[in-house]
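Working notes for the structure below.
Going in written order, the chains are labelled A, B, C and D, and every chain counts its residues from 1.
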Amino acid sequence: VVVNLASVERPIINSKSMETLEDFENALDENDESLTSGMIYAYAAISQKCGYVNFTPAVTADVPALEQLAKRNGVVLAGKDGKTGQTLYKTVLASMFQKRGLKVEGWYSTNILGNRDGEILNDQEHVKSKISTKQGVLPSILKYDDFVHQVHIHYYPPRGDLKEAWDNIDFTGWFGVKMQMKVNWLGCDSILAAPLVVDLVRWVHFLQGLGMSGNVKELGSYFKAPVGLEENDFFDQWLLLRSLN
Amino acid sequence: VVVNLASVERPIINSKSMETLEDFENALDENDESLTSGMIYAYAAISQKCGYVNFTPAVTADVPALEQLAKRNGVVLAGKDGKTGQTLYKTVLASMFQKRGLKVEGWYSTNILGNRDGEILNDQEHVKSKISTKQGVLPSILKYDDFVHQVHIHYYPPRGDLKEAWDNIDFTGWFGVKMQMKVNWLGCDSILAAPLVVDLVRWVHFLQGLGMSGNVKELGSYFKAPVGLEENDFFDQWLLLRSLN
Amino acid sequence: VVVNLASVERPIINSKSMETLEDFENALDENDESLTSGMIYAYAAISQKCGYVNFTPAVTADVPALEQLAKRNGVVLAGKDGKTGQTLYKTVLASMFQKRGLKVEGWYSTNILGNRDGEILNDQEHVKSKISTKQGVLPSILKYDDFVHQVHIHYYPPRGDLKEAWDNIDFTGWFGVKMQMKVNWLGCDSILAAPLVVDLVRWVHFLQGLGMSGNVKELGSYFKAPVGLEENDFFDQWLLLRSLN
Amino acid sequence: VVVNLASVERPIINSKSMETLEDFENALDENDESLTSGMIYAYAAISQKCGYVNFTPAVTADVPALEQLAKRNGVVLAGKDGKTGQTLYKTVLASMFQKRGLKVEGWYSTNILGNRDGEILNDQEHVKSKISTKQGVLPSILKYDDFVHQVHIHYYPPRGDLKEAWDNIDFTGWFGVKMQMKVNWLGCDSILAAPLVVDLVRWVHFLQGLGMSGNVKELGSYFKAPVGLEENDFFDQWLLLRSLN
């Protein structure tokens, strides 16, 4: 099983060369620059019939060409962007607000991190991939999208290998009464990611052995942007995972 | 349907007079002081075949004598202690920590509130009832009890009708790496409670009409200390509620 | 006394037309676009011998041409950018860290606000003026500049007329032990600004009556970027103010 | 110079034996239990003409008998209760609120700590000494006392050698508009205390060499409850310290 744990790549612009496997392989032969390193590594893994996990927000195996190859080769795919910290608790708390009928009016999230991951996210292009996976999670849980949702990420060297997140959630109850919830998270991404990576390697190996192939939506609880699954509610995702047993 | 929304009462000390319905009625005839106002109101409600909801942490209908009467009279009971704010999100976040294998080492919770509810909780005896329902929720979710759990409540008049809660959660990941999560909640108990009360009245009326009686564990997601249900995980409780449909 | 309380303007680019009063008046005659509305209002005020207060971060009376006119006309100037909330407490806490020999390694500040002020700050050009006055305050207090200082401002409509700030301060003590302080401020800018504006009008009127003119550095404690004063430490500024008595 | 850095002692009850030096020495001869260990160590230090610093909240040299002995022996005293963390920033922020005319309506402070100091503070009697020095600081700074001030300390083993403090400050501006400031402090008491202790040893040695004796109020900025000084405002205390130069 190959796991992509690299720093985030820039968003892809032109996706024509990734539509079919033939397009992809032609593009590869022509050194087409629209193919990213992440895709090429994914192609290599899938060609070798290795299960493939995309733990990053980059577009890699989640293009039609590679999904086609995975199906053909009997390879299990899982992705993308490990749900380790802020997005994890957001998809938990949003579920609570929805189930209690409390209307979220605004959700402001900011992150500071200090290592090489942070440095790369400091690039205005790279950070777009990351913010896009973090940004999309709330509407499918809340079942509405008339609220303000902001996600900011800042490279802040004093935080070192740790990551700090701060959230402010504005919500209203009956009679429009305004209430607030705030969260401060002092985590360590590597430590939070490691057991998920090990779990995923085991799952992918096990499911491929059962004859599954392509994206496995049942593994969605591990990811910020689960490929092939609309659901971002952590608990609904958890029930899906349990259904594998 | 009768709903108890009174301020918290002191914990009961001697429960002998509540063991059987006969004991209870004898105690009532003798003006036995161990029967609390809450119990007497519950008795009156159940005798009149009114559904009964205990939204407070006090011991009221949750004594064998009154459960017996409820069964006999075909009365639905629901309780106890509405799960509106801090305990609600604690039973949501604890579930997340458990499902991600993150070991909670300590959970420090404090509350400040300024209205009459706060004033009564300022009494060292009354507050015990409240802290006991707030204190018990974590072990059944986390599936272990080797952690420090503190819950404090303080009467703080400047907060007025609002309630503020602050939590600090210490948890560890692989290699014992220490991490922290902190929550600050600025809520309004009445506004959070009101829709739950209306829901409960509808549920109790509806379920009694279906022929149910006694404590309904499926309503556990509404309560801090659900009578007849060991489970405090909000999402497991939610699945139970959905099973009523 | 004229007070500028308008929303922030974009930073000025070319300042050649503001070097001398003659340049300024020529530019005015030629409708030179490098003169901003704020400057023209300031010019009008000073010409009429009205004391002038710049409560905004924009460059208005703080150009040589207008300072020259103020001196000539016996007009007192005060500015700029009212120190009402986050910057106020930052210039207080920074003084504490400095006096206790605690080394600040990083200071991350973020702000959310929802009214028209916020909307204008949402413009990438306008916000630069604001961030520049907020950004400059720490080194003169701490007496060093080898630390990371970030200031972010976001337009967040759910916050309405209120303003929320969040700060994280990383500091070290002996043996490099890392410590943190975090601040969350829930304020209302108009209410915080109003008494300062009234104070300033009184001071400017009073000092102009005493025969003073030009920028009065003793009024520095009211401002984020006091014109003519290097000192940003709130308490040193306070001693200066007291020296006026 | 002798420095008392022991854990906090219980408050003294009967102070008759400490009124004069003669009373004290008689009590000592009779093994009178109202004399605490802290007092006896202080007596030993002062008798040996050693400068004496009380870094703890206990009553030790701050009784008439020992102040008399210190004066007679030319011994400098400094105390009491090192101002290292929460009380330090409170006496800084309170000064800001007072100088800006912002009315403090409530100040709720809580502390969690996990080491032996915390364990001893867990004793309901010992903690009283500590809370009393922490509780008294605000009115002299704010110049009024019609506000609610709560200070809580809890022994919370997961925090280990570190100390966490959380404050909520409710204040009002014009028209009674309510605002809030919240502080979260993650400090390490030993690291914060160490340089203060070294400073104090130097100061006491230096001032005793200049011929001073008894309590030196100019050292008040180092302490939560400066003996002989009414002033708790950190910046006024700082000006006093500077006046020694």
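The rule is short, and it goes like this: a residue touches a chain if its C-beta (ideal position, glycine included) is under 8 Å from a C-beta of that chain, and two chains touch if they have at least 3 such contacts.
All figures in this text were calculated on a predicted structure; none of them were measured in a lab.
The minimum number of touch steps separating subunit B from subunit C is 2.
When the partners of subunit A are compared with those of subunit B, no chain appears in both lists. Put simply, the chain farthest from subunit D by mean CA position is A. Remark: subunit A and subunit C have CA centroids separated by 42 Å (rounded to whole angstrom). Separating the CA-averaged centres of subunit A and subunit D is a span of 51 Å.
Computed centre separation for the pair subunit C/subunit D is 37 angstrom, with centres defined by C-alpha atoms. Counting partner chains per residue, subunit B shows two or more touched chains at residues 182, 184.
Checking each pair of chains for touch leaves A-B, A-C, B-D, C-D. Contact residues of subunit A toward subunit B in the complex are 88-89, 92-93, 95-96, 99-102, 173-175, 177, 179-188, 191-192, 194-195, 221, 234-235, 238.
For subunit B in complex with subunit D, the residues that touch the partner chain are 105-106, 108, 110, 112, 147-148, 150, 152, 154, 156-159, 164, 166, 168, 170, 182, 184.
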